[in-house]
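As structure tokens, the structure follows; a few thoughts come after it.
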């Protein structure tokens, strides 16, 4: 059942939150280890929260999300619960506070079942860099689920939980959403508070949702979004009722197709599925135009300057002094720093910290960091120009379906290129969603829809319209049916 | 562009990351590969282009009222610390 | 070979802004709390926390900028200064780099010989303070207290316009006065609210290029700044004259040994990798904000000093001393008001005796045991001839230790000046009679003995003879 269906059922008294919660905890217990989707499961707390939710419902209080279970990506601070970011560095870190996202969804009455596995500090596209081991794709256990929100994606795809939060810095919600057959939604930068969300790349990170449908995404997004005085970059603008706008018709929708996204590198089956989806939109009355965003091919190198630069600084606080991993018997201060960090961080994180340190260092700042921020402006301008002509951009979410675990871990660049279609939206702060649009050799592929700033409603409507005429989003992996 | 072993040692030091002898060549290789990849940016024409530090244009810094809003939670926070004495966070002695 | 050396000094002053809460968090900035009770998650650099700027810190920076005639940036940027040190929780300090909030100001200084000079202020920017490290009493450990981490600082950077330690002190005192006038900093150097780093270099007089400079840190008193600069200048000159060269480095001043020595480790080979902080948006200040701050500015020290010089006929230097703090200036003006004039007399007493006693007892003017009214009362007795200036000092000392008003003390101790000509005459005659030898010597040309007779009369009258009358009388009577 989707979150919305569960919510309606709970309010209608068809079942209780305690029953629902028990059901999902049972599924997690039974098959969670197989997928390794969870780092921490919180059954006692979940049952207590479920009981409280039932009481609220009985009093006629709460909303559609009250009593509905969810899981949080282990990057969100959850008070009293291990918050590891998939890293040895925080493997002993019990957060003393709740992230705003966690607070808001708890306030809506949602019941947290646990914290999901992720690429270490959100750095990865396959969930293979986690200290807690790789996550498996529920559609094929030998394949990756995508990353960095791989645990959340696998958990929802396998229906271990109806919906889960994720974060997206370069595609980390949309890409795993595409590889696991989910609706993965990344809102506009600044739409959702980053307070309590452990920072990777501050000007790119955004919290979002891995859901079964646009309807579910709308519900959860509505509860998550909105101004937070604790985050200076969080926009102070009213949050629309995302659910209300879902039924908007597609007639007259102007769709742009990014020419640069259909070049070499796009797997044939994926390309075909996406083109089929575009035709379906045309049949719904939308118009399609081919556009060129000439600076977009530079988005991956741009990202791999900006994101490492920001993360190299953001991760400096992990020094073994006040929290987190500290090495045994430090000889002196420098030794303590170097060994604590050397031991605490995995290889990909160290690579990115070093790349970031390099591009910010004296003599290289202008050529790399400053240059990248200028190219970022160019990419932003390309999108702005495009949205002057069309309402949304559509294309593939990923170049290929899910690849084998271990297949791309030897060369970082090969791994980085998985985000080739998703990164642009992060650089420009645009909202974007991936919706399932077919299968290639039994593996899901996704259609990406990108909109201008604060066009969440438009994206949700388009995703919803697609989901009214298709049932890709209802498919469940055979092993988890 | 290839980075030398010396380059990588310097970067690792600046970032306070211990890289073992065995690992060093691997990092030299992967970092060189990454830097070679990002060197593509040099081909882009960016004359008179302003750098973009924040994705939303025209956003300006909100200001907070000057009020003390925090109370003492020291003990709870220090529960996470590796080494604490008399309320101080302990580190190996620093000589200035 | 005589080479004329010229000293070049620039000062970097860190003034802790007197906000209630920290620059990026709602923790208290109060001094002296138990370790780490004023350090919240943001100050501790916990995962997931974010900074939000304190409006008052921005306002205070603008106040300062307006007071020094500087340009206020309509948009300024916060940048991260990255380095590792245990008192820097995030591993970076949030500061301002390329676009500071204040630029291009100037400050007028007056030296004790009356010379006036303008010192340029290159920039002033906002940043957060680091915590404190304690190295004693913890065995093989250092202890970190992060109460101070996140306190707002205004870093004020001067142009290298100073050419002597004296000028540097005058500038530092002027900035100290200014930040207190503006009520943006309490200027308490013992508590670390006002800290100074000095950049010192030397060059041959007439040269345009600057010599290699050294930065001296850890200077928390005017006296230390002066001594440290003087030591450093001598050190550099000696080095260069001996054929060596100055190594650019950071040095610490050791006040016990009165020397500077190189600082270890913290500053070595640091590449700060400044970049704009993505968690903070550009600080945009509109005309309304700036005008509101401008309209709230008090009469500034220069304006007040200029007014004092003009209205009260004081020298620029004296006017500067009297306006060094708003409280001192207010005290002086109150004395004048009660006294009804006598600007010079009041100035001498306030700058002299009163300040001397305040310094001796380490008191601020606001804690003076002798208030303005009571000092005016004492000065009135000098003006009306009741007591001499010398006796007044005795009375003042008694007032200082709490023995009530001038009049009460004068009466109690019988200190009234003797102004009765007849009475003085009689004493002079008696002294002359008692000292025939000195009288004869004086009359035969030993003029210096005049002072002897003054002293003898004063002794006989307990110091109470009116000095002016005595002088006149003595001259006449000694002449015969």
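For clarity, chains are labelled A, B and C in written order, and residue numbers in each chain start from 1.
Note that a residue touches a chain if its C-beta (ideal position, glycine included) is under 8 Å from a C-beta of that chain, and two chains touch if they have at least 3 such contacts.
Please read these numbers as outputs of a predicted model, since none were measured by experiment.
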Most distant chain from subunit A, judged by the mean position of its C-alpha atoms: C
Higher-contact pair (C-beta pairs counted), A-C versus A-B: A-B
Central chain (distance from its CA mean to the mean of all protein CA atoms): B
Length of the line joining the C-alpha centres of subunit B and subunit C, rounded to whole Å: 40
Rounded Å distance between subunit A and subunit C, as computed from the means of their C-alpha atoms: 57
Averaged-CA centre spacing for the pair subunit B and subunit A, given as whole angstrom: 23
Subunit B, residues touching no fewer than two other chains: 14, 16, 53-54, 59, 61-62, 64, 73, 77, 83, 89, 91-94
Sites on subunit A at which at least two other chains make contact: 93, 96, 203, 229, 232-233, 312, 316, 319, 321-323, 333, 337, 357, 361
Residues of subunit C engaged with two or more neighbouring chains: 41, 44, 46, 52-53, 84, 86, 144, 271, 273, 278, 280-281
Subunit B to subunit A touching residues, read off their complex: 3, 7-8, 11-12, 14-19, 27, 30-31, 33-35, 37-42, 44, 46, 49-56, 59, 61-62, 64, 73, 76-77, 79-83, 89, 91-94
Complex interface listing, subunit A residues touching subunit B: 92-94, 96, 188-190, 203-204, 229, 232-233, 235-236, 295, 298, 300-302, 304-305, 312, 316, 319-324, 326, 330-339, 341-343, 345, 350-351, 353-355, 357-359, 361, 367-368, 370-378, 380, 411-413, 416, 427-429, 453
Partner subunit C, residues of subunit B touching it in the complex: 14, 16, 53-54, 59-70, 72-74, 77-78, 83, 85-96
Touching residues (chain side subunit A, partner subunit C) in the complex: 76-77, 83, 85, 90, 93, 95-97, 99, 194-199, 201-203, 229-233, 309-310, 312-313, 315-319, 321-323, 333, 337, 357, 360-362, 365, 369
Subunit C residues touching subunit B - in the complex, by the definition given at the top: 19-21, 25-28, 34-41, 44, 46, 52-58, 75, 77-78, 84, 86, 133-135, 138-146, 252, 263-266, 271, 273, 276, 278, 280-284
